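In the two complexes that follow, chain A is the common piece, with chain B as its partner first and chain C second.
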Partner chain A sequence: MTQETILIGLAGILAASAPIVFAVLGETLSERAGVINLSMNGTILLSAMGGFAVAYTTNNIVLGFLAGMLIGALVALIVAFASITLNQSQVAVGFVLALTCRDLSYFLGNPYMGVPGPRLQAMPIPFLSDIPILGTLFFRQDAITYISFMAIILTWVWVYRTRPGLMLQGIGEKPAAAYIRGANVNLMRYVYTIIGGALIGLAGPAFSLASRAGWMGTISGLDGFGWIALSITIFGGWNPARAAFGAYLFGFLQWLGLVLQPVLTQVPSQVLQVAPFPLMILTLLLVNIGNAEWVDRTLAAMPESTRKFFAKLLRAMRASPPAALGVPFERD
Partner chain B sequence: MLKSRFSGLLFQIIALALSFGVVSLILISIDASPTEAFRNMFKGSFGEMRKFAEVLVAFVPLLLVTAGLLVTFSAGLWNIGVEGQVVLGAIATTWVYRYFLESDLPPALIITLAILGGMIGGAIWAAFTGILKVFGGVNEIFGGLGLNFVATALTIYLIFGPWKRPGVASMSGTVPFPDEFSLPLLANLRISPWALGIALIAIIIVFFLLQGTYFGLKLKAVGKNFRAAYLLGIPTWQYAMYSFLICGALAGLAGAMQVAAVYHRLIPSISSGYGYLGLMVAMLINYQAIWAIPVALFFAALNIGSIQLPIVMKLDSSLSGVLQGVLVLFALLVEGARQKFIKKGQNT
Partner chain C sequence: MNVEFKNVNKHFGNVHANKNINLTIPSGSIQGILGENGAGKSTLMKVLSGFIHADSGSEILLDGVPVIMNSPADAIKHGIGMLHQDPLDFPPMKILDNFLLGMPSSFFPNRKEATQDFNLLAKEYGFSLDPENYVDSLTVGERQQLEIMRLLFLGVRLFILDEPTTGISTAQKEKLFTTLRKFPEQAMTVIFVSHKLEDVESLCDRVVVLRAGELVGELTPPYQTKKFVEMMFGKEVTLGERQSAPVGETVLSLNDVSLEDARLKIKNINVEVREGEVIGLAGMEGSGQNLFMRACAGLVRPVGGKIQLKSQDLSGKSYHVFKRNGVSFLPAARLEEALVPGLTLTDHFVLAEEPRGIFIDRVAGQTLTQERIQSFNIRGTPHTPVESLSGGNQQRAELALLQNPLSLILLEHPTRGLDIESVIYIWGKLKERCKQNASIIFMSSDLEEILQYSDRVLVFFSGKISQPLDANKTSVEELGELIGGKGWAEIGGEHA
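The block that comes next holds the complex of A and B.
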């Protein structure tokens, strides 16, 4: 393989991962504020179908992306209303929406199955695209991939480097304290859930109008990505940059599966497609195992030098959720 | 008490009306007639004996899965991995059948062993989720989901790999088993009274387990307040594991029924989504075992009735899933509104 083919392959991974990047950033924001949006798998499918249908009917690709965001925001609004205002289980509402939106996308998307529609074209940036290596990697992408790069940076800066972002961390960790400092906790949770939902809704059209253009109903191959994105959010430890890294890592593994397929002819292609899932369980295990009580006990029984090594290793991998994740806030 | 029960019923009727209203609006928005769609779904499920038998075929696994989920929900666990547990039940049943394919044992014994094998298969798969949860700190939702996808891959691997049909492997599944391996069916219908009986017995056992035993009481204590139960001396992690094993065994039983009474072989979509649908049923009945039978029957009827839609009205059959989802969603929303309403009434 020449250097050029490797670079183009890597650039392709960055583009193919854009939808997952949007999804994990949206979910990270939502969960940071304390709301789990479990509807993600259905939201992505419905916004993929809706975005494609709108872009196809209006012949305007931008409207398609906006429609996807609107769908994501509306589904998130239902999650927020049911959990924040009506005190229902976030998991229950999210799960129902995940299934309902999926079926709704298949039902309403029936007329758009397999029709050729608009697709986002690559948009090399003048001058920057001529830089060796970096140009091929970053600056010969399509518009939505550029936006995904910017979204990572913006979300990270927002969460860690701005005052409202600091407040956001407080709302997810110690809502009572944030409330005393003057934050309207429930309103902020609404806002972040809806913004997060709009980002998740961008993931759909990022599939159906760009990296996997078109709508193919049940054989679109998009079913499942939402669940993966949920676990990548955990892998990311609710840090936007680490979550985005997880999305790219997943994209890389998928690409690897594709590349290895001709080599591993004994393994049916369907098996390679699900290879990320056992890996997902494994990463969740690595991230969470430091929280288990028996690990602490085992560590305590180890000799000093090995104990230090393992404790350090576990701490590096470990991720703890925002303390108030899924817990309703009531001021009394 | 009477008033709250009355208001409960009133709100449930509101939820039902809202659901049908929303689904009607969706149908009108794509220029389809709601009344015609609902009538076709009804005709397609209760219209003739043959179709009603199909409803019962779908009812059996759905009821078994729901029965199992009531146990895990009682312990406060979201066993989303139930879908994969159905699949592993089917795989294990197929494995036992294949093992005894050439043996001289009486078929009744082989069928019994195959069904028991299915239950063990489902329980083992559920135990994975439980171990990940209890010892690995992995939330049962994510562990379960991952294992669901692995289970599907395993099915496809077996069908295209070690268990493939002589000649060419295909999506139609493994070689069908001889007739004597099937649970007896009613004449000219696809429903096995044995399967129906097993499912009904299972839900009755679960009902009494949860309502009338010390075990059920402890399980609910764990579900209501994990920490308090632990402090009271209930070995919480053991109870969590028990509930996973029971649910897995019942889900595995559902998978066994799919092989032994319906398909007579292993097919790629052996679970047909009954695991996820069972979660919806359990939520809609608000985890009350007593309502499991009518609601599971209703959901099974929607599934079978919707098969007519693409043929008669050129609508996608996923309408049944939309209707089921909207029903559960409004049940949750309206229940939330009712609690808020009652709270407000108490405050003033």
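The block that comes next holds the complex of A and C.
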């Protein structure tokens, strides 16, 4: 492989991962506020279909993306209403919605099966795209991929660097403590669940109008990405930047499976296709290894300086969920 | 800030939690509010801090102006801040983030400026907190300091402290009191809610006592402890004589046992515990007592040495083996580790019994529960879920759940957060067990309790363990020094 093909391959990973990036960012925001939106897999399918249908009918690709976001926000609103206002189990409601939305997308999408529709074109940015290496990687993408880059930065800055973001962390961690600091906990939970849902909804058209253009019903190959995104959110430790990295890592592993197929001919191709999934589980284990007791023991036996280094590394890698994730809040 | 309660009433359903409270707290004073658990102290403070509304007709005046507070955030705007018993902070986040959270600031908080403000304020009050450190690495006392700083920075003029001395060391308590004593100089007012007589006596300028929702009276120094107790309980209560059961054969022996976890190493522990003996563990939180106790329970595996129970070698065996051999462990976190929230008292007693077949005999279970409720004086019914019991009653339920006979009972903070009546009751029950030849090992941050109830005392200081000290021959002062790391050479008890 030449350097050029590798670069184009990597740039392809960035573009192909954009939908997953939106999904994990949305889920991260929602879970940071304390609401698990388990409907993600169905939401992505429904918004992929809906976004494509709207773009096809109106012949306006932007309307397609907006439709996807609207669908995501509406599904999230159901999750929020059921869990925050009706005090129902987020897991049960989310799971049922995941199945319903998936089947709904197949049923409603029938008329659009296999029709040729609009597709987002690459949009190289003048001058920047001529920078060696970086230009190919980052500046010859389509609009939605650029937006996915910006979304990562914006979400990270929002959560870690702004006043409302700080409060968001507090709401998911200990709502009672956020409440005495002036937060309207349940209203904020609604807001973040809906914004998160809109981001998840953007993942659908990012597939059906860009990286995997078109709607193919059950053989669209989109079923399952929502579940993967859910686990990447956990891998990401509810940190937007880390979650995005997880999304790219998953994209990279999938790409590797494709690239290695002609080289590793003795390995059945199915193994290479499936490999990314157990590999993701493995990384999840590795990341959270600091929680295990035997690691504590091993560390305790190390010399002081090494111990400190590893303890710090493990602390940085370890991710603990927002303590109030899935826990309803009632003021006294 | 001057505070005035006028005819404050609060009903919860049929329960009249505050009855016609009239109280004026002058600006610049430290006001104690004393009362046993459930006397209505917390309700009154929740009203003042905006958590709940009092019944209509109740009035609260700040500096003579009637105010209505709709939320705790609203109360803070009026200059009223509360330090909660479980600090309401965010453990996995950095100290600086905790300080910034909820602070009025620009959209992008200026972390550099905030760090400067923080360090300045910390210096003024003599707190040593690193803003870049994480809150989950702090002790409860340090978390209180952080909260105090945050409230000060928000411009709070009236501090409400709810049982602040529970779960902090003596040294941290002194530090807290020194800080609080500075407040009146700046015309700030402190309300100190507690059921601990000694704390109230040493800190407060004036003290009111609540009993069953009513304000029964106010006292000013010099205080008479007897008078307080009478007002709190409506009768005289005494701790009674120190009593020790005659000791018998060795029950538990630790030979050259070494323990370690990620933070602490304890080397070569040699201790023998005899039948009917009570051993008190003293030390600041995290000095090794927990590790020691969990090793005795079989929950932590020693890295070296031998643990014997009645001359049977149990080193490296699991908790279940210890339990089968008559060791019982009651952890401090009652609802997290000891009881199962959501299950009723009957469920607990049925679970604790030896199983007979796979079906539950409900009727027998309820009779048994009714019996235990009576003999342990638990305020609840067989159908009461454990989480709705008060702390004292949860502790009684735990004691009632202990098997009989037992060789060794291990207790973490058996009376933390309980009022004096419950304390006396619980120790009465425990001493009964000693007469039945059980040995007890317990830890407590209350040195008086340790001296009153133990036969011998082990002091812990950052992984060091003292020789067993005879409780008759030591004093609160000596223990206090040892806990702080002083005077270890004199007792010559350094194992490490």
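Following the convention adopted for this analysis, the second predicted complex is superposed on the first by the 291 of 332 C-alpha atoms of A that agree within 3 Å, B and C clash if a C-alpha of one lies under 4 Å from a C-alpha of the other, contacts with A are read in each partner's own complex, and residues count from 1 in each chain.
Rule of thumb we're sticking to: contacts are C-beta pairs under 8 Å (C-beta built on N, C-alpha and C of every residue); 3 or more make two chains touch, one makes a residue touch a chain.
What you see is a predicted model; the values in this text were computed from it and never measured.
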* Could you say whether A:Leu299 touches chain B, chain C, both of them, or neither, answering first, second, both or neither? => second
* To do: Give one of first, second, both or neither to describe whether A:Leu187 is in contact with chain B, with chain C, with both, or with none.
  => neither
* Examine A:Ile289 and indicate which partner it touches, taking first as chain B and second as chain C; both and neither are also allowed. => first
* Could you tell me if A:Leu128 is touching chain B, chain C, both of them or neither one (first, second, both, neither)? => neither
* Asked: Which partner does A:Met280 reach: the first (chain B), the second (chain C), both, or neither?
  -> first
* After superposition on the shared chain, which partner residues are touched by A:Gly170: those of chain B (first), chain C (second), both, or neither? -> second
* Asked: Between chain B (first) and chain C (second), which, if any, makes contact with A:Leu260: first, second, both or neither?
  -> neither
* Where on chain B is chain A touching in the complex? -> 26, 30, 78, 80, 132, 135-139, 141-143, 145-147, 149-150, 152-153, 156-157, 160-161, 276, 279-280, 283, 315-316, 318-322, 324-326, 328-329, 332-333, 335-337, 339-340
* Could you pull out which chain C residues touch chain A in their complex? => 46, 51-52, 71-73, 76, 82, 88-93, 97, 100-102, 105-109, 260-262, 265
* Spell out the residues on chain A that touch chain B in their complex, using ranges where they run on. => 38, 78, 81-82, 85-89, 91-93, 95-97, 99-104, 106-108, 110-111, 217, 224, 227, 230-231, 234, 268, 270-271, 273-274, 277-278, 280-281, 284-285, 288-292, 294
* Can you check the complex and tell me which residues of chain A touch chain C? => 161-164, 166-167, 169-170, 173-174, 176-183, 296-297, 299-300, 311, 320, 323, 331-332
